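Letters are used for the chains, namely A, B, C, D and E, taken in the order the chains are written, and counting of residues starts over at 1 for each.
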Amino acid sequence: MAILLSFDIDGTLELGDPPGGVTTEMVRKARDVGFIIGSCSDKPLSVQRKIWEDMELTPAFVSAKHQLGKVRRENPADAYYHMGDRDTDYMAAKDNNFGFWWAHEAAEQPWLEFDMNNHEQIPITT
Amino acid sequence: MARPIVPVPDPATQPFWDACNEGKLIVQYCSVCDRRQFPPEAACRDCGFNFHLTWQETSGRAKIVGYSITYDSRLVQWHPLQPFLNVIVALEEDPVINFHTNLIDDFGTNLSEEPDIPIGATCEVQFVEAEPGRMIPEWKLVK
Amino acid sequence: MARPIVPVPDPATQPFWDACNEGKLIIQYCSVCDRRQFPPEAVCRDCGFNFHLTWQETSGRAKIVGYSITYDSRLVQWHPLQPFLNVIVALEEDPVINFHTNLIDDFGTNLSEEPEIPIGATCEVQFVEAEPGRMIPEWKLA
Amino acid sequence: MAREVNWERNHDPVGIWNGRGKAALVARGHSPTDRRWDGESLDKSLGAFMMIAVQNALDDAGITIDDVDGIIGSAGGQGNGQPLSDVWGPRPYFDAPYDSEDGLTHVTGQWLRQQMGFKNLRYINNHGDPVWNLIGQASQAIADGRAEVVVVTYPNGNLPGRYHQDPSNQARGPAVWPNTWGWGLSGQGFTFNQYCQKYGTNHDRMAPFVVQERKNGLLWEHSYYAQHEPGEFTEEDYLNGRMIARDLSIFDCDRPVLAAAAYVMVSADRAKDMKQKPVYILDHTESQFSPRSLVQTIDDTEEWTDIQAQRSYNGSGLKPEDIDIFAPYDGFAVFTQYYIEAFGWRGVKRGEAHDFYAGDISLKGPNPLNSGGGNMGTGRMRTVFITDPLEQLQGRAGDRQVTTKAEVAVTHGVLPITAGTVVMSTSPD
Amino acid sequence: MAREVNWERNHDPVGIWNGRGKAALIARGHSPTDRRWDGESLDKSLGAFMMIAVQNALDDAGITIDDVDGIIGSAGGQPGGAPLSDVWGPRPYFDPPYDSEDGLTHVTGQWLRQQMGFKNIKYINNHGDPIWNLIGQAAQAIADGRAETVVVTYPNGNLPGRYHQDPTNEARGPAVWPNTWGWGLSGQGFTFNQYCQKYGTNHDRMAPFVVQERKNGLLWEHSYYAQHEPGEFTEEDYLNGRMIARDLSIFDCDRPVLAAAAYIMTTAEKAKDMKQTPVYIWDHTESLFSPRSLVQTIDDTEEWTDIQAQRSYNGSGITADDIDVFAPYDGFAVFTQYYIEAWGWRGVKRGEAHDFYAGDISLKGPNPLNSGGGNMGTGRMRTVFITDPLEQLQNRAGERQITGRAEIAVSHGVLPVRAATVVRSTTPG
């Protein structure tokens, strides 16, 4: 089963400004476990790509924050999650039927609790 | 329909809001300067005195002169309604005088990427309840 | 002794009047400008901010710098006390700072045609009750 | 026609005015002068008097309303158009055009436009300060090309009753400081007391000055005293004056009156077509200060008046010996010494004004101080400070015409703390 | 040393400035640029950054603190010295000197004097407006002889959290009008919407301008983007910008940052002894308007910017053709077109700015608009509008040095409703 995790950057990732609680290591682990990973942020796409380079990871997607819908259309998956630190992250997730974690919740790596083989268990909305 | 933010009248604006509650749109008028004024001020901005400043009822008719759409407001109370439409209308009898409105016909509806806002179209004032006992003016298109 | 007119404190002057009630004469002091200020204002008149504006207790000692006598005031409440003495005193440690006073020793006494007001004389602040619970500063000769 | 701001020349160094000689004062018009309004006679209201004065000024200039393209005034005669006296409200108003304060205690340019039928106005400002500032403002507007023919209006009201009486037994805001200790005019009394201490003089030495002003004032037809109290005022009168606040007696305080005056000011170009000789404005400067602490001291007073005198000299390029006609404000009489000494007119230095008063300050002598009589000689009209220098320089002051040269005049007022100075000359250069 | 007022040149006709060429901008100093303060590191506070910037400016000029006799700044970066960002209180303050807002969200000249040990200061003013006005104010103070060597300080703070968020559900005072109908940035969106209607253009046509500013900004070492986000910004990025208030996307709004800058300005005389080539101030002019009714329309905007552009041309005596380096403010990006068209730079007329953007506005081309990158390219620092033209005219802009002539520069900001313009030249004129 395919689950997509969309990371906001500023206030969410440790490489963001301000730094958030989600470390590069956590992102790498999510990739290794098999999540589809990428970023949705107010940062320019080119800057988002540069940040993934700095993390030495290849994202499945980079996107402007308000274009989560496009991410869904272009990346088929069984479940979609976004995480971020702003109202705008929460609203973007809600409008596009993504699950959502606040940045401080995301730092607990809730996705590691998922049973990847039993998608009935995986909540889609917050 | 309750509104996210309600206006609190002060001495200068009380007559304006009172008139809204009575279904009238009024603006200030200085008879010696022959000049309308909105928003309300303590004195006529031209002669600088309040001697000849009265309240004048308007037709309430106005034309759309432009718009914006808010996606990410600094006004937290408005966040649940985002995106929402912001329209400026100019008074038919005196286009210098302009007002904010949300165009109540479209208010709160989902705004397409390219909304069709009829610039120049005539609107009529309507009064909507911002909270119990507090009416505010909004405009809707004249069909 | 009740006074004809009593002061009503406002936010800017409340600390001054509160201190009077505690028997202290305080004025504003801006530490970055090293400057005293009276009457109280929202900001230091020099730097223009309140960041470094504090209240500073004064010695209460002041010198008489001049006077007037009122015979026909526009303040109706003062009419029964006419003529009455008006004195200006300047703070001993900072003569730029000046205050009104009526010189309480002489207050309300019959003023002769040529009163003997000792210009330059040192006075001490005293607090008198303008109305119950409201003390105001007055000066008397040391 | 939003109202103009920042026209003042109040930022040192002002430099020689670039409008020098571009504007000229040509004519004046006065209403009758009454002690007060009776609250009934609308033909003697402040508005009615203002219209009389405007018409007289236009007639004096030989022009009509249609020639005028600007009105500059202080609707109430004080700073920012506020009234000199109390307002009429909450008493009921009258039928239009007397249905507001406008016409009763204020007169705006817009009201005058409606009542008198001005058609060609392109500039109105009702928010001027006292009359010195208005002349400065009008000359600046003309020099800047905002208008070519300006009527300057100065309405000066006085209602029934003693004004400025305060019955309250509580003091709030800034009034907390003076009122709690019973200070009123005593503030000016104190400053004068410091002056007397500093220079070893006293109140009675002002007698020759006030007596002379009363003499001069009786020769001015618009003076309240000339019209209503023409008797001689003697040194004995002065010395027996009832004290109001030591050392200000009733004869050191100007008497509030009801009067209006208007002036016609035009561009140097247009001045040639007018009936009267042009008197050119060489400079105007303005100032605004605040005391170092609570009460205005003699140090404050001397510093402020020095700054303003120097500003005026810098702005006009003149020296004290260039001043033929000198009209320093006197309402209160104790102001005048500060101004004479600051401007150093006739070589008078700090502390010497009372000695100067003891010399020859007569109208026909070498030092005709306030040849119009000032407020002490005319009532609280203030306009004599403009009209008399104008008439002296035009050579039409009649009985008041000085015998000295009358080519350059300096007029200055109102308070040490906020003032305007105007320099006029028979020549534009 | 009470604070000076009325120094502005905002009264038409301003005339050629009589201080022209008397004051020279010599040197600049910048602090690091951070996104925000962490609320803890006092060595990265606004006060600490301001001191770094002042020392860098002094070093750049080759002078010491003892050479300085004036400090002119806006303590908080906005008009009247108010802060750009929120204030720290009511959170608890720190030990001195961080025991008040001074040093955290404001930096006054008095605080700097205490912390840095200035000994010879005779003039301080903390109540300036944004940076354009400060340069004008310093030039005026020097021309007027109030000080000879002035440090101009521009502290620009940003605290943790999103600022200007307003959680209330009641609107009071002037906020009644926008907030009741949910207007925030949409006001600028509306004016831009009118511009697009009037001239048949649209938001996406601004892309070449913003992309070029980002390019230029990356070449300025003090830019937030150069220091913290050095990636390329493409047209694709711009066109996909998240809308904040139509038609302002996140890339049309400047990013708030924490940074301080200082400038050394001195008399033409003293300029000869300094380490850098003097750049002379030819003119400064200022303006303040208000909308005819509630909302600023495109008509208001064009009228105001026309008046101010004309004022600047009248004050400096230059024409559009004389401007080599043009730095019109851009924070919001939609402002810039109004200014370019008002000044008619490179012949651009009303409605033509977006066509102009579509041409060659590259740094090394014939029309190097905002060669420093503006706020879009540097963050909401505002100081690039002073530093880049200075460096261009001193021929030390390095990679940003334009290829054309760089002898006369015009910098203009901040809002259409309230602005100042500074004209600089390599010669005293």
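Criterion: a contact is a pair of C-beta atoms (placed from the backbone, for glycine too) under 8 Å apart; a residue touches a chain by one contact, two chains touch by 3 or more.
Here the structure is a predicted model, which means the values were calculated and not measured.
Chains that count as touching both chain A and chain E, per the definition above, are B. Chains that touch both chain A and chain D are the following: B, E.
The fewest steps needed to get from chain B to chain C, moving only between touching chains, is 2. Interface comparison, D-E against A-B: more C-beta pairs in contact at D-E.
Summarising the inter-chain layout, the chain whose CA centre lies farthest from the centre of chain B is C. Innermost chain of the displayed assembly, by C-alpha centre distance to the whole-protein C-alpha centre, is E.
Inter-chain spacing, taken between the CA centroids of chain B and chain E, is 34 Å.
Centroid to centroid, with C-alpha atoms defining each point, chain B and chain D lie 47 Å apart.
Multi-chain contact residues of chain A, defined as those touching 2 or more other chains: 66, 88.
Counting only residues that touch two or more partner chains, chain C has 45.
For chain E, residues touching at least two other chains, in rising order: 242-243, 250.
If touching chains are joined by edges, the resulting network of the protein chains shown has some other shape, matching none of path, cycle, star or complete graph.
Inter-chain contacts occur between A-B, A-E, B-D, B-E, C-D, C-E, D-E. Per the touch definition, chain B reaches chain D in the complex via residues 32-33, 45-49, 51-52.
Interface residues of chain A, counted against chain B in their complex, comprise 66, 87-88, 91.
Looking at the complex, you find that chain A touches chain E at residues 17-18, 42-47, 49-50, 64-67, 86, 88.
Across the complex, chain B is touched by residues 1-3, 75, 81, 100-102, 106, 108-111, 113-114, 124, 126-127 of chain D. Chain B contributes residues 71-72, 76, 79, 82 to its touches with chain A in the complex.
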